[in-house]
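Shared between the two complexes below is subunit A, which has subunit B as its partner in the first and subunit C in the second.
And then the complex of A and B:
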C-alpha cells in the first residue's frame, strides 16, 4: 500500500468529512479574529520549543509534497505577514488543513499557535511520579540473601520444619504479595540469557543477584532457595494438603519437561522474542490479585492442583529448578533424612510428598552384570548420535519457533498481504505501513532473526538430545545405594521427612532410652519408653 | 577396607572437581553478563512519538485499570475552543455536554481561561488509557495529549504485557532515573 492509497482511505471515512466541515467553520471564526500587535513577535509554530523529535521525523519522512502546505499554513497564521486574511485565503487555508489531516497523527503537530494569555493563567506541568523500584531493588537483594541464609540455617543446622514454614509464609507475603512476585529468580534466567546473547539488553544489578544468589547457595547447601524463599514454591507449598503419589515412571517422564521449558525459555529470551516464563507464570496473577478471566482460571487451576499434587510447577515445569538441581546434586552440604545413621526402618519411605526419597538398591533384583554393561555401552555410544539427531530435528523446525518473534511474524503477515493471500490488514501491518519503513528493510531484519533461530534451534536440539541420553544412562547405571537417601537433584530441603526418622526423634529427645539392634542384615529399633 | 576408603576418596574428588566446574561455569556466565550490568534499575516506558494510539494500552496491561494513562503537555496545547481530543467528531455544540465528549469516561476537564481559550486537564483517576483523545489530538490538534506509563501505578513487570502487544513497538526499558519520555518543553528539561 502506498501513501496515496492510505490518504484516499482516510478521507473517505465519514468521521473525517464531518470533522472537516466543523473545522472549516471554526477556522473561519478563528482567523478573522484580530490580534494585538504585541503578540506578533514569533509564530508559535516556528518557535524553538517545537518538538525536535517530531521535526526530525518530518525531515526523515518522504512526504515532502505534503509538508509544503504546512509551511503555508504557518505563514498564513503569522500575523506579521498577513494580518487580514481574505476569503480567498480562507479557502486556501481550508485546503491546507485538509492536506494537514492527511499527513496523519504521525507527522502533523503544532497545527494551532499556542496562545499567550492576558489573564494570569499558568500552564500546569506534567507530573512525573517516580517509580519506587530503585530503593527496593537494593533492599530486595539483602532480603533475599538473608532469607537464603535463614533457610539454609533452618534446614541444615536447626533441622527445623517450623522455621522453614514461617520463612515460607514470609516469602509468600513479602516476595509474593508485597513485591508482586516480580522479578523472581525463575524469570531472571531469561534476563541473563538475553543479556548474554542479545545485543543492547541491559541487566540491572538486582536481577543478576536474583539469578546468581540462589544458585550459589545451592552449590553449598542444596536447594534451600526452594525450601522457603521462592515465591512460586512458597505458594504451592502452603496450599499443599494431602498429596497423591504419582507413579514413578510418570514422574520420571514428566521430570524431563523442565529441561524443555528451560531450553525454550533461553532460546526465546536470547533471540529477543519473548519471556515465556513470565507469560505463563501460573502464580503471578494471584500475587498481583489482578488478571482477566482466563488467567485467573489458569492460576486457580494450578493452585487447586497443588493441593493434591506436591509442587506440580516445581517438579514438572520449573526451568530454574533444572539449574538449581545441577548445583544441588554436587553441593558441598545437603540435608539428610537422618541426623545420624540410617537404621533402615523404612519409616521415611513415604515421608516426602514430592517423592524424592530413594530406596536402597538392594531391594531391586540385580540384572546380570554383562547385560547391564552392554546396554550401558550402547547408550554411551548412542549419546553423540542423539545430540546430532536432536539438533538436526529442531533446526528443521526453526521457522516455527521464529514466528514467536514479533518482527518475524509481522514480516510474514506483510508478505502474505503483498501476495494478496489475506483479504484484510491487521493492526500490526497497518501500523507498520504508516511508519514508512521500506518493506525490504523489514524482510531483511526478519531473515537475520530467522538465521539466529536456526543456530539456536541446533543448539537447543543438541541440548535436548544430551539431556535425554544422559537420563537413559543414569537410569541404567548400577545402583550402590544401601540406605534410604534423598535425591539431591530434586529435593527442596523442605525438612518434612526429618521427623519420620527415629534417629531424629532421638535427637529431639522425643524418644528416650532408644536402642538399636541388628538381626541378620537388618537393623531393628527398640524403644523402651516414650517421652510422653 | 582400604579399597573402599580409596573408592570414597576418589568419588569425593570427582564430586569436588565437578562442583568447581559448575562454580566456574556459573561465575563465567555471570561474569560475561556483567558486561551488560548497569547500576540503575530499568522501568518500562512508551515513546509517544512512536505510539499510534490503538487502544491496546487500556486492555493489555496486567492491571485491571491500566498503568498507562493520557498526560497533557500544556505548553504544546493550542487551547482551542474545538478540541480534537475533547470533542467527538460529530459534536453538535462545542461545550462540555457528555454527548459531545470523546473520552468514554469523561476524564478530561475543560476549563475556560479567556476568550476563546480553554484548558484541558486529564483527571487521572478516571482515565482508562484508551488513547481516543490522544488520537483526536494528534490527528486534528497539536499532539499535546499523549500516552505515558504512570509509575505510581505500574508494577514494572519483567515482561510488560503491553510491550508485547503494542503494534508500534513503542515500549522500551528506560533507566529508572529518567522514567518518562515527555513531550513539549519538559522533554528538554
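And then the complex of A and C:
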C-alpha cells in the first residue's frame, strides 16, 4: 500500500474524520485566542478594531469561555486585560503538543496484539470510564447536613413521626441504595482513627464531615442522626414490625458489645490492619445488591432479626452509637415524650420499641443502704484493678489480633511454609518470594507490628475494664426520677413515643384548631373581599 | 378472623392482607430459585471447568488438531454463556426479591397500623422490680467480664505465636534464627505434604560411594529401622529399635555427628516387653514428622512421643500394641498445629488430629478398614485436604476438623503405597487392584483414568504434574501420562522398589532395594542421568534439604552432596 493511499484510507475512515473535526475546532479556538492584542476587544482601555459583527460575536463567546485563565492585570490600568503576545507562543506550543498527542495516539499500538477473531465478532470500542465526580463528595455533605437539619426539625420542633419516617425512606434510598452505603458515618470513625495514627493517611473532607456532623448535631439535638439519617438504622427501622421486648438485664449486658466493637475497630484501624466495621457491615451487601452466599445469609439474618427486635445493630453493635450516645447525653436540647408536663398516665411506658423510656423511680432500694454503699465502694476501689486486669488479659492476645494485619499474616504463612507445616503456598507468599525482599526483613516488620498491637491491646483492655467497671457502678446506683423520661444516651429521637402522650394529642388538636381557625378567618376575609 | 376494625378499614385490611400473602409467596419462590441457582453454580462453576481444562491440555499436546480446537471454543463459549446467564439470573432475582420484600413490608405495616392496640398499662409502678433487674444486670455484667478475661487467658495459652514467642528484640532474633535454619526442611515421610516433591531443589546428580567422591559424610545408625530420615533446622532425625529398646537419633546435617539420642522405651517397659515385631515392619517403620518446633515419632508398639529439637520430652501417648498382621507402618504428618496420626488396626483403627503442643485429641475419625499407607496433605487450589487410603477407598478430610470431604472406592487388597498428588491429580495404586488417577477440585473428586498393568506393592507412586511414576516390587518402573493414564514408557531395573521415588528439581530419584539410586529426568521418555550405589541395601525413602541428599541404608545414614 502506498503512503498516499494509506493516508487517503485513513482520512476516509469515520474515526479519522472525527479526529480532523476535533483538530479543526482546536485550530479555530487557537486562532481566536491568539489574535493580536490590537485586534481583540478585551477591555475598555484598548480601541475596538474588530469590525464585523461575526467577529464580535465570536470574540464575545471566546471571552466568556477563556475569561478566567487569560485574565491579566493591564500594565497601564489597574484592571483585567488580554494576555501578552509572548503568551500566545506558549499557547501555540501547548496546542502543538496536544495535537502531537492526539495524532500520536492514533499510531499507538496495543501492548499485546489483539486476537484475530474468525467468527465475525465485533470488538467493542475501548472506552475510558469517567472518574468519580468530586461533586458527589461535596454534595453528600450538603445532603447529610440537610438531612440532619430536617431530622432535628422534625424531632424537636415539629414533633412529627411522619416527617421522620419519610426522611428514613429517603436516607435508605439515597445514602443506602443510591450511594451504596458508603461513605457512612459509622465507618468513618475508622478513617479518622487511621488518620490519627498515620500522618500520611488521606482523610477526605467528606469523611471528616460524615464523622463530625452527626456528633455535632447529637451534641445540640440528641441522636437525630440515628432517627432517620443513618442508612444502617434506616434499614432496620423500615423493616421493624412486631418488636419483642428484651429483658432489661439482658439489654444492659448486650449494650456493652458496642464498646468492644468500637475498641477493636479503632485498634485495627489504628494499626493499619483492617476496617472491620466495613468488613462486617450487615447491610452493605443489601444496599449494593451483591455479595457471596454467606454474606447474604448474614445480611438477611440481620434484617430478619430487625423485624422482631428493634434496631439490633444500633443497640447491640454500632460502635459509632457509643460516641453519639456520649454526645447525646450532654446535648443541649433533646426530644421529650411530652410537649408539656408529664401527667404520669403511664401510656408511654411501652411506646419505645427500643426500651429507652425510663420509669419514675423513688430512689428506694429493697435492700439495706449500707450493703449497697459497701458494694459501690468495692466497685470504685476495684476500678483500677479492672483496668489493669483488662489491659493485661488483652495484651496476652496481641499476636492473635496482629494476625489481622496483612504483613503479620504473610509472615506467619511464610514461617509455616518454611517449616513445612502447610502443603500449599498462597498467592501472597508466592508474590512475596518473587519480590526479593529478605524474609528476615518481613519478620522484623511483623515483630514491630506485633509490638504496636501489644501497646494497643493494653490500652484496649484497660478501656474495656473501665467500661465494665463504670457499668457496674452505674447499676449499683439507686435511681431517682419523678417523671417518665427518655434515656438521652440511647434514644434515637425517632418520635414514636410522642403520640402516646395525651398532652401531645392535646397539642396536635390545638395545632389543628389553630390551623382551622386561621383558614376560617381567611375564608371569611375572602368572602368579604368578594362581596366588596 | 377480622380484627376489631371499622367497616371502612376492613376492605383496606383485606387488600393489605392479600398483598402480603402474594408478596410473601412471590418472595419465597424467588428466594428458592436464587438458592437453587447458587447451588447449581457451586456444583458447576463455569469459570472452573475441568473438562475444558482437560481439552486445553490435550490441545497443548496436539496444537494442530483443529477439531479439538473447535471443541475447546464451543465448550468455552457454552461455559461463558452459562456464567453470564447465571449472573444475570442472580441479579434479576435480587431485584425481584427486593421488590417482593418491600411490598410485603408495606402490606404488613398497613395491616399492623389498622389494628393498633391502645396502650393499657398493667400493675403498679414498682421500684423494686427495676432494682432487681439492675441486680441481675450487674451480676451478668460481672460474669461476662470475668468470662472475657478468662477466655482471653485460655485463648492466649492455646494460641501459638508463629512470628516469635512474645514481643521484643529477642523474639525477632529467635524467629530469624529459626527461619534461617528451617529453610529447605524435609519434615515428613516423602517431604513437605508427603508428596515427594521439592521443585526448587538442586540435588547432587552423581557420586561414588567407593571413592567417597560427592559423599559429604557417612555415619553408623546404632539401631535398625525402616523409617526414613526427616530433616529440620540442619538436623537429621531417625528412629530405630531392637530388643534393647526404641530410640530416636538426632544427627548434625553438616558433619553427621550424633547430637543426641533419646530412649523412648526400655526393654522392661510394659508397653515394650509385650510387643512382638513383624519382619516386614519391625520396631520402627513409621517415619517421624516435625513441625519445626517439635519432632514426633511413633513406633511399632503404638508408642507416640513428642520431643523438642534438643531431645527433651514434651509429651507421649500410648495407643496400645496394634492388632495389625504386618505391624504398624503409617508415618506421621503435621499440618499447622496438628499432628495427624493414622493408627490402623484390624479393629478400632482411627485417624486422629492431635494438638502438637499437648497431644490432646482435637478430632478423631474411626477407621473401619486397615491399611499400611501414610496420609498426605494436599493443596487443591481451594483448600487443604488430608488424603488417606485404606484397603477399599481413598478418602479426603479437612485436616483441621477431620470432616470428610469425599470418598472414592477404587482400591482393594492390602494397601501399602501411599497416595501421591500434584497439580490437581491424585494417584492411588495397589498391586492387587489398579492405579487410579483422580481429579480433585473444589467440588470434590472424580476418577479421570485407571491403569491396570504394572502396579506397586509398598513403594508409593509419584506425580510430577505431567507424569506419573509407578515403581514396582519386581523392578519394573513405568511412566504414565498424568492427563490420560496412558503409559509413556517403562524400564526394567535389576531390583525392585520399596522406597518411594521423589522429584527433586526436574529429576526423579528412585532408590531400589539393592541400594542403587536411579536418577532420570521427569520426561516423556526415559532419560537416565545414571545409577549410583550407596553401598548397602535400603528400603527407606531419601530426604532432601539444603542441596544435600540424606539416605538411610541398612546400617548407616549417608549424606550426599556438598555441605552448605
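Note that in this section the second predicted complex is superposed on the first by the 374 of 532 C-alpha atoms of A that agree within 3 Å, B and C clash if a C-alpha of one lies under 4 Å from a C-alpha of the other, contacts with A are read in each partner's own complex, and residues count from 1 in each chain.
Heads up, the rule we're going with is that a contact is a pair of C-beta atoms (placed from the backbone, for glycine too) under 8 Å apart; a residue touches a chain by one contact, two chains touch by 3 or more.
From a predicted model like this one, the values you see are computed outputs, not experimental measurements.
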### Task
Determine, under the contact definition given at the top, whether A:187 touches first (subunit B), second (subunit C), both, or neither.
first
### Task
Considering only touches as defined above, state whether A:266 meets subunit B (first), subunit C (second), both or neither.
neither
### Message
On the A-aligned overlay, A:252 touches which partner chain: subunit B = first, subunit C = second, or both, or neither?
### Response
second
### Task
For A:205, select first, second, both or neither according to whether it touches subunit B, subunit C, the two together, or no partner.
first
### Touched partner set for A:278, first subunit B, second subunit C, both or neither
first
### Task
Considering only the touch criterion stated at the top, classify A:167 as touching first (subunit B), second (subunit C), both, or neither.
neither
#### Entry: subunit A positions touched by subunit B in one structure and by subunit C in the second
290
## Note on the structure
Within their complex, subunit A touches subunit B through residues 15-16, 18-19, 22-23, 26, 30, 33, 49, 51-54, 57, 101, 104-106, 108-115, 117-119, 121, 123-134, 137, 180, 182-183, 187-188, 190-192, 195-196, 201-206, 208, 211-212, 215-216, 219, 274-275, 278-279, 285, 288, 290-291, 326-327, 330-332, 406, 427-428, 430-432, 434-435
## Note on the structure
Listed in rising order, the residues of subunit A that touch subunit C in the complex are 238-239, 241-242, 247-250, 252-253, 256, 286, 289-290, 293, 346-351, 359-367, 386, 389-390, 393-394, 396-400, 402, 408, 411-412, 415-416, 418-425, 439-440, 443-444, 446-447, 450-451, 454, 461, 464-465, 468, 471-472, 475-476, 478-479, 500
### Message
Applying the document's contact rule, which stretches of subunit C touch subunit A when the two form their complex?
### Response
38, 91, 94-95, 98, 105, 108-109, 112, 119, 121, 125, 127-128, 130-138, 140-142, 144-145, 148-149, 152-153, 155-156, 159, 161-164, 167-168, 171-172, 175-176, 178-180, 182-183, 185-188, 191-195, 232, 290-293, 334-337, 376-379, 384
### Task
Over in the complex, which subunit B residues touch subunit A? Could you list them?
15, 18-19, 22-23, 26, 29-30, 32-34, 36-43, 49, 52-54, 56, 62-64, 71-82, 84, 89-91, 94, 113-114, 116-117, 119, 121, 135, 138-143, 148, 150-152, 154-159, 164, 167-169, 173, 176-177, 179-180, 182-187
